[in-house]
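As written, the chains take the letters A, B, C and D, and residue 1 is the first residue of each chain.
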Amino acid sequence: MKKIINAVENVEEEMILGLVKSAPEKLRKLECGNVVVRAHKKEGKVALISGGGSGHEPAHGGYVGEGMLDGAVAGAVFTSPTPDQIYEAIKAVATDKGVLCVVKNYTGDIMNFEMAIDMAKDEDIKADYVVVNDDVAVKDSLYTTGRRGVAGTILVHKIAGALAETGASLEEVKAVAEKVIANVRTMGMAITACTMPAAGKPGFELADNEMEIGIGIHGEPGTSREDLKSANDIANELLNKIVDDIDYVGKEVAVIVNGMGGTPLMELYIVNNYVADFLAEKGIKVYDTMVGNYMTSIEMAGFSITLLRLDDEMKKLYDAEADTPALKK
Amino acid sequence: MKKIINAVENVEEEMILGLVKSAPEKLRKLECGNVVVRAHKKEGKVALISGGGSGHEPAHGGYVGEGMLDGAVAGAVFTSPTPDQIYEAIKAVATDKGVLCVVKNYTGDIMNFEMAIDMAKDEDIKADYVVVNDDVAVKDSLYTTGRRGVAGTILVHKIAGALAETGASLEEVKAVAEKVIANVRTMGMAITACTMPAAGKPGFELADNEMEIGIGIHGEPGTSREDLKSANDIANELLNKIVDDIDYVGKEVAVIVNGMGGTPLMELYIVNNYVADFLAEKGIKVYDTMVGNYMTSIEMAGFSITLLRLDDEMKKLYDAEADTPALKK
Amino acid sequence: MITNDKTIEILKAIADRIEEQKDYLTELDNEIADGDHGVNMAKGFNAVAAKLPSMAGKDIGFMLKTTGMTLVSTVGGSAGPLYGTAFMKAGAVMKDKMEIDGSDLITALEAAIGGIKMRGKATTGEKTMLDAICPAYDAMKASIGDGEDMKTAVGKAVEAARAGVEYTKTIKATKGRASYIGDRSIGHQDPGATSSLYMFEVLLEHI
Amino acid sequence: MITNDKTIEILKAIADRIEEQKDYLTELDNEIADGDHGVNMAKGFNAVAAKLPSMAGKDIGFMLKTTGMTLVSTVGGSAGPLYGTAFMKAGAVMKDKMEIDGSDLITALEAAIGGIKMRGKATTGEKTMLDAICPAYDAMKASIGDGEDMKTAVGKAVEAARAGVEYTKTIKATKGRASYIGDRSIGHQDPGATSSLYMFEVLLEHI
């Protein structure tokens, strides 16, 4: 394992500290754990919290700030945070308007967030949650845990965060978050595995001509291993899976071409060149495109494509101001 | 070589197209080559141009936009663009106020930009250039080509770009660019090499316990090969080189913890945790910190630290609005 | 009979076993999911081990509940809430008991399984810890019902758990992270079922 | 005498040699710098080769100038402006000539060297192409001065250029990208000097 770190045990905490020290006037870390909250708590709005394992930087701490999250909880790398950590985050940001947690659909995340929300309710804090499940690689069926939550989560933070900032009610913020979830789809791939610091070696091995299609964001293998293809062919495969899932034709979309952490921007731009052409060809109008590392798997090389089908409300909220380390509008 | 590309020959063009298609209302590509300019040319201001080889994404095309560059020229990967490409860029953005080119100190870049500027002058375009040389890894002496230009270049774009936007004269914009150059220092390191698409294999080989200290941004080896150390020890080594070069004590600085393309943000945040403590300890006040991939070497894993010593004029211009794909203020 | 002192000994031995098998559990998790099961379980049980001295003299219900709460607040992931809830539920039904017999063990295990199912909404055959724990529970219950002694009953539970672990190799995961790789999970052993087996093995060794 | 037709033949042969040695030149550049010399030179000379048919019948000055302009606009990096300027300057002094002799060759080479020095601000001993070209020029000038024929003179130039390339292995780069690695450049052969040597070798083979 070759990493620029100090000690495996300290990775999560030092990372959160480093993030907070990059914007000390805007962010602070709770003493009790790896929780990032706004330096100046804003009252009179629904507090939005996200979180999950670490290793997805800049998610989620990087999205704390005006217009997006009020707090983010970071578990160990790729491990859901514990209920008491989440509970501390909820307590720190809770307002009279309540707290909405944005949870990605993983068994662990859901269980830990549910337990934390129960704890909060016991203390009369109004708290609720939504579950993001944008990953079309995994079939959503009664017989599975359903689709994973991946890069589309950022758009939930953005849009629900913008509505929360206006002072909307918990029910309204939850409703718009669920609208985003209903309209956002993602699919990803990787050409290299990543190495969890505590594991010390890559999660899987790929030959020089192989790639994993349908990966999540936890360094796990994808739904299938295939021969490496051209950027255009790969993008085509992912895009077709996405547009087959819900109907985007004639609609406006927000696009994320998301790097998994170790992908050079050069390659993401090359992918976007195809994505833009594909969408134009299909009669899908691009409202806005984000290209970069938004939801990563440590240093994995690969990318995901996210499409959010927008309506007027979502467009307005998408465009609203945001001032966070990882996303500014 | 494992890359998400289509054909080695098309990397530069597809990348520029992908960038432009991510913001078609703001950027456009010149027909004649890999030149990115603002979609809507702004008159009455000095036009700011940057450029160099490709492989540094988001530099330089990603910094074209309101408040920063008017145009960017992309050569082949790690190869200075040719004079005629630069000349086309100059012609496309030139205004009555003139054109200032931000050139990084490499023999090739300087020669090609000089030739282009001569061509422009022959056509009565007012054109001049500044040379960025922020890399303290290389001794600046009469007997060498002097220090390289690396990540500090972004701050020249930002600050000179902000002044240009106000309608200042070519002389004024050049003066502030040179002030930034005089006050900015950078040093970098790598734990992996990068692979130029056309070369097909990494520029050098490093054992699992080795790193290169004093790298530039062209995939070349550094000034020395050392045993891999902890993030804090590495950051300490780089920072000491920087603060030994000019006096930062008691001053306010802008900080860039810059990833070389394949470095996970997790590691950059860990580095920033140390950088912030080091600077506080030395009595150097952090005015602002940028953590991310700003000036890369394709997929190299490593980072550089940049410190810019600010004064009131630079602070104001640093804070001024910017709206580019890679940097928003 | 398992006394409260014995319970401390057993919990300590579980912590040791998990620590010992940490890399193997992580390895198993790596093959089909995110490779953190060993690390996280070890973190949790080390935290439990650290609290054992302070539990001395307390009742078994308290010990189990404290273990559960500690797991919940230190393990994270899926295993944290699942094992945590299991121990907490078992603790609730063993409240005030200074020693427990075979039928108590069945009551405790039943509560634990209820907790896991309530939290994780899974059932047997989904390639999870339940594929070790449920057969173990059934075997133990039958054995005690047949009037066999606790040691024999736990021995049968271990056999059944071991068979359950083997069974997980043959099936596709439909719960937990391993479910995302679909058919590719077949052929691999479930890490959670494996850590459950260790707990039954340790129990057997100490009674 | 080298005629204008011969010049086309030579330029074509240089393009072939560079293409043939592309990977080796890139390899050399990789060791001490950014590994693009072979690729970029090949791109440039392929562009030159493509233009040769259209040069047929033109004077040698025009051919050299066109070659230089083509290199400038296709090679990029350092080699583009340097070789480009060299050929353009040589072309300027060979204007209107339909054939050239040994002393013309010296005049052309002198102009080329002047161009390289003006652009790159380097001198010999800095581990650049000048370490091949300058000794080659000196040897050729001495030979012609001694009344030797052009073939002999170019033969001596090749010898000198080859020695110059060897010499670059022993010194530290103080110009160009290789200068950034300081002492670590010692022991490595300069790619630009090597590509220059190829040009002299090809010239010798064709006269």
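Everything below uses one rule, namely that contacts are C-beta pairs under 8 Å (C-beta built on N, C-alpha and C of every residue); 3 or more make two chains touch, one makes a residue touch a chain.
Please read all numbers here as calculations on a predicted model, not as lab measurements.
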(message) On a C-alpha centroid basis, what's the spacing between chain A and chain C, in Å?
(response) 32
(message) Measuring centre to centre with CA averages, how many angstrom lie between chain B and chain C?
(response) 55
(message) For chain C versus chain D, what separation do you get between their C-alpha means, in angstrom?
(response) 76
(message) Can you pull out the residues of chain C that are in contact with at least two other chains?
(response) none
(request) Could you list the positions in chain B whose residues touch two or more of the other chains? (result) none
(request) Once you've mapped the touching chain pairs, tell me: line, ring, star, complete or other? (result) line
(request) Return all touching chain pairs. (result) A-B, A-C, B-D
(message) Touching residues of chain B toward chain D in the complex: what are they?
(response) 53, 75-85, 106-108, 111-112, 115, 137-138, 143-145, 148, 196, 198-199, 203-204, 216, 218-224
(message) Touching residues of chain D toward chain B in the complex: what are they?
(response) 26, 30, 32-36, 39-40, 43, 72-82, 119-120, 174-177, 179-182, 184
(request) Please give the residue numbers of chain B that touch chain A in the complex, ascending. (result) 2-7, 11, 14-19, 21-23, 54-55, 57-58, 62, 191-192, 194, 208, 228, 230-232, 234, 257, 261-274, 276-277, 289-293, 296, 298-299, 301-303, 325, 328-329
